[in-house]
């Protein structure tokens, strides 16, 4: 049997397949369809200190082999998460990771500190790359100083594995990754969505309520693979790769580019059982190619 | 009849449909298939002061609703263009625009000056955004200073319509556009390709000879529309929009986002007659919607 | 209700009009339980411009033949491709999704089912459920023209059917909300599905006459599972996912 | 030669093996003139993962029936979708592209046509052209196993046919370049199409025996028109476009 275990700092994954924040709810939404404990890790919805209503409808547009979304971090706040969601997920035998968002280093830190106290949450993913909120969000992710300021504030109060999720809407993503690394990030994940727009030409207005949204899905895969490879060669901490993964072959491509683990996002909408297919497909591929461990292929390109 | 005329500074186009550099050769390659004089303008291959062999094969990979290329500006140099190509195209009754590339402000300027002397070339498009060459190319397009330095050098020697083609691989494309505008650019065109990568997992190596390439086609359209809209609201000079246009509806979307004219690139490979279909489709759409002139829809969003 | 992702086989395809097709889907094993008003997220193969699944209402479940019926209006590439399916083809279906229509609390209630366009789809199955539960469903179905009104015999087997067309080619001329049955009729519950402007005026009528009313919304969806939060509608409880908390809502909850 | 972008109609589809299909395409008007060794850029519909056209050799032109034949190996999504075409379907074809094989200068030359795998496709039409011009084409066709060797009767109508298979299930066992016909045969010209390793060893043989040799390359293509410069091959004149200067090259020009 191929060894699928991977480790991201203190985080032990039974396999490298995770689900991307905002695309898999709290996992519970998929439990009829997927054995949750067989997923490496489930990254839950973007969570903020205070509750957020998110943006108005329409929040979604289909595009060529992809989609734009501007959900805007709708969530009931970290307190609600701790009190109402956490009890439902804490005994499911996989890693639940909270995707933490905010509008200032302080409230990122406040939210992270709250999650630090939850025994069964071994890691957080700091979302400094959400293109769909005005306050904060991507603003921190597009400069080295902004990224550093959030990571620094959170690192002071957060003691478990700290993953920082990078925005692809930048000139030099490797610089941002290095800035996060120097402030003590344990890993980086990339990419979040590419900022895009679609226009309803009949109504002469943007299709999304807040004009722009984030592009995800197979359309962005080549950009994501390039960025993962760039960051892999720039930092020493592990890289988590995502962006358009639909198949086991896509996942292997990301791992060869330098990802120690991968996240599946939009593909869950097309095939809610895709995580299991990717996991099985990776196992088969690795076996067929005589690999003993999935770790052998990380960063070979 | 709907008025399709548009003007980009001194450049008069009988219709807003142009062909994107590197995707339509010198136009001659398509003359059996498309009446060239019915195209608004034909932007020819990237041309440099000295001849270039370009990159090694493989230079192309198909991706989800798009493609990566790393042609790397293969061309026989501006002298060859002036002596051998120009005589073949100069009497074709449309606008031929030369896409000028270089590795220093000086050799951009040298190339532009040579083209300035050609009576039947009413404009150039400065390519400060090619991701596929090591020297120069995109390096100039990703900083305001770099962009400004090239535009400044060229503006001193080039007296006709000067279009600057912007790279999407930047954090703030509107800043770059403004930098070009302040140095005297007459228009900006965007987007060039997004930097991407694809890996041959069987051979464990990049699919492209120089690892990375530029992503084009429908996959990038949402990013392109967003950037056109951003730049439209940031500068006063006309914007030319491109990136994934396949249909008349796509072209109208770009014009509503702020493009005064559009370029069609990769779509020429899928349907070599696409320019005529887009032109006809735009006419029909505008007529159906009671527009007297295509200019009415520019930037309505 | 437990959700499934099943590869169903097309057992029949009936072209009901130039732009409507009736798909009958089946599998070896018995189909899972589904409720009227719930829907299916259908995967569309062979359509380069269709990336996400398409939500389609459960039109009818023929338990005897183990068949799920979908009534599809072919308006874009995705639905057109569904219309091109052939018997024997497989279709990936995620189902049953969302919450269906409710059953009236009291016995023998008179329920008005108002459908417009392809919004008539979920009402057939709901009508049958009502009838079986001892209620008296009345259908009020509207279309632009006669050919939009499909399978009227099937609806007539289940309840009284009243019809409007905008061009007057069948039934009363005009919109459903102008139909004379609304003047006399004493209804205890209205359930409606169709274009938003129609549902809004049905809701206005229901409010005016103090009749309970449920509307089935058709917001654009990605996951269909309540996971992506793309399909939200503003309600008295904030933004709710139509795919999970709906698609059927009591109109009292909606801020539309 | 003038190029056309035509919507041709599928007149017949013949499945020649599990992974090979023969497509016959036609239209009302007479098909344009095409030369052996030229190719077609075929548009693939209904395949979400196929964005660009696919280059396919002109396998044969049946002038009597106004049919263009394409022999397709179904190796990926694009070619698999081509294999699913039905009579009556339309296929957009950009043709004829590139330069074909040359004709030997002298009369009654003995020409060896070496094909491997689906690379045998362009050789049938070239063989016929050679025969009509009074030359004597000899086919040497190789495959992995007997079922890879298709339409041998058609080839036999045009010239002598020698065959190799890697597993020995038909003809001589081994590779084409080991076939005994090469030992005795006195050839004036070799024309070859197939996997690159095969063509390289054919080229080596031709060089050793000082025989003129042309090879048809299969570089990956986007435009097929010499416009994008994606399909280049290194030659004595620098990077040349295979789609425009080739696909057939005299091996003397190639730096492979």
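By letter and in written order, the chains are A, B, C and D; residue numbering begins at 1 in each of them.
Assume a residue touches a chain if its C-beta (ideal position, glycine included) is under 8 Å from a C-beta of that chain, and two chains touch if they have at least 3 such contacts.
These figures come from a predicted structure and were not determined experimentally.
Across the assembly, the mean Cα position most removed from that of chain B is the one of C. With centres defined as mean CA coordinates, chain D is found 54 Å away from chain C. Mean C-alpha positions place chain A and chain D at a centre distance of 48 Å. Work out the mean CA point of chain B and of chain D, and you get 36 Å between them. In chain A, the residues that reach two or more other chains under the touch definition are 61, 63-66, 217-218.
For chain C, the set of residues touching two or more other chains reads 48, 50-51.
Chain contacts in this assembly form a single closed ring in which each chain touches exactly two others.
Interfaces, counted as pairs of touching chains, are A-B, A-C, B-D, C-D.
Taken in their complex, chain B has these residues touching chain D: 22-25, 29-30, 32-33, 45, 53-54, 56-67, 69, 71, 74, 217-218, 266, 268-273.
Listing the residues of chain B that touch chain A in their complex gives 61, 63-66, 68, 142-143, 169-171, 194-199, 201, 204-206, 211-212, 215, 217-223, 225-226, 229, 244, 249, 252-253, 256-257, 285, 297, 300-301. Across the complex, chain D is touched by residues 46-48, 50-51 of chain C. On the side of chain C, the complex with chain A involves touching residues 2-5, 43, 49-53, 92, 94, 219-234, 238-239, 244.
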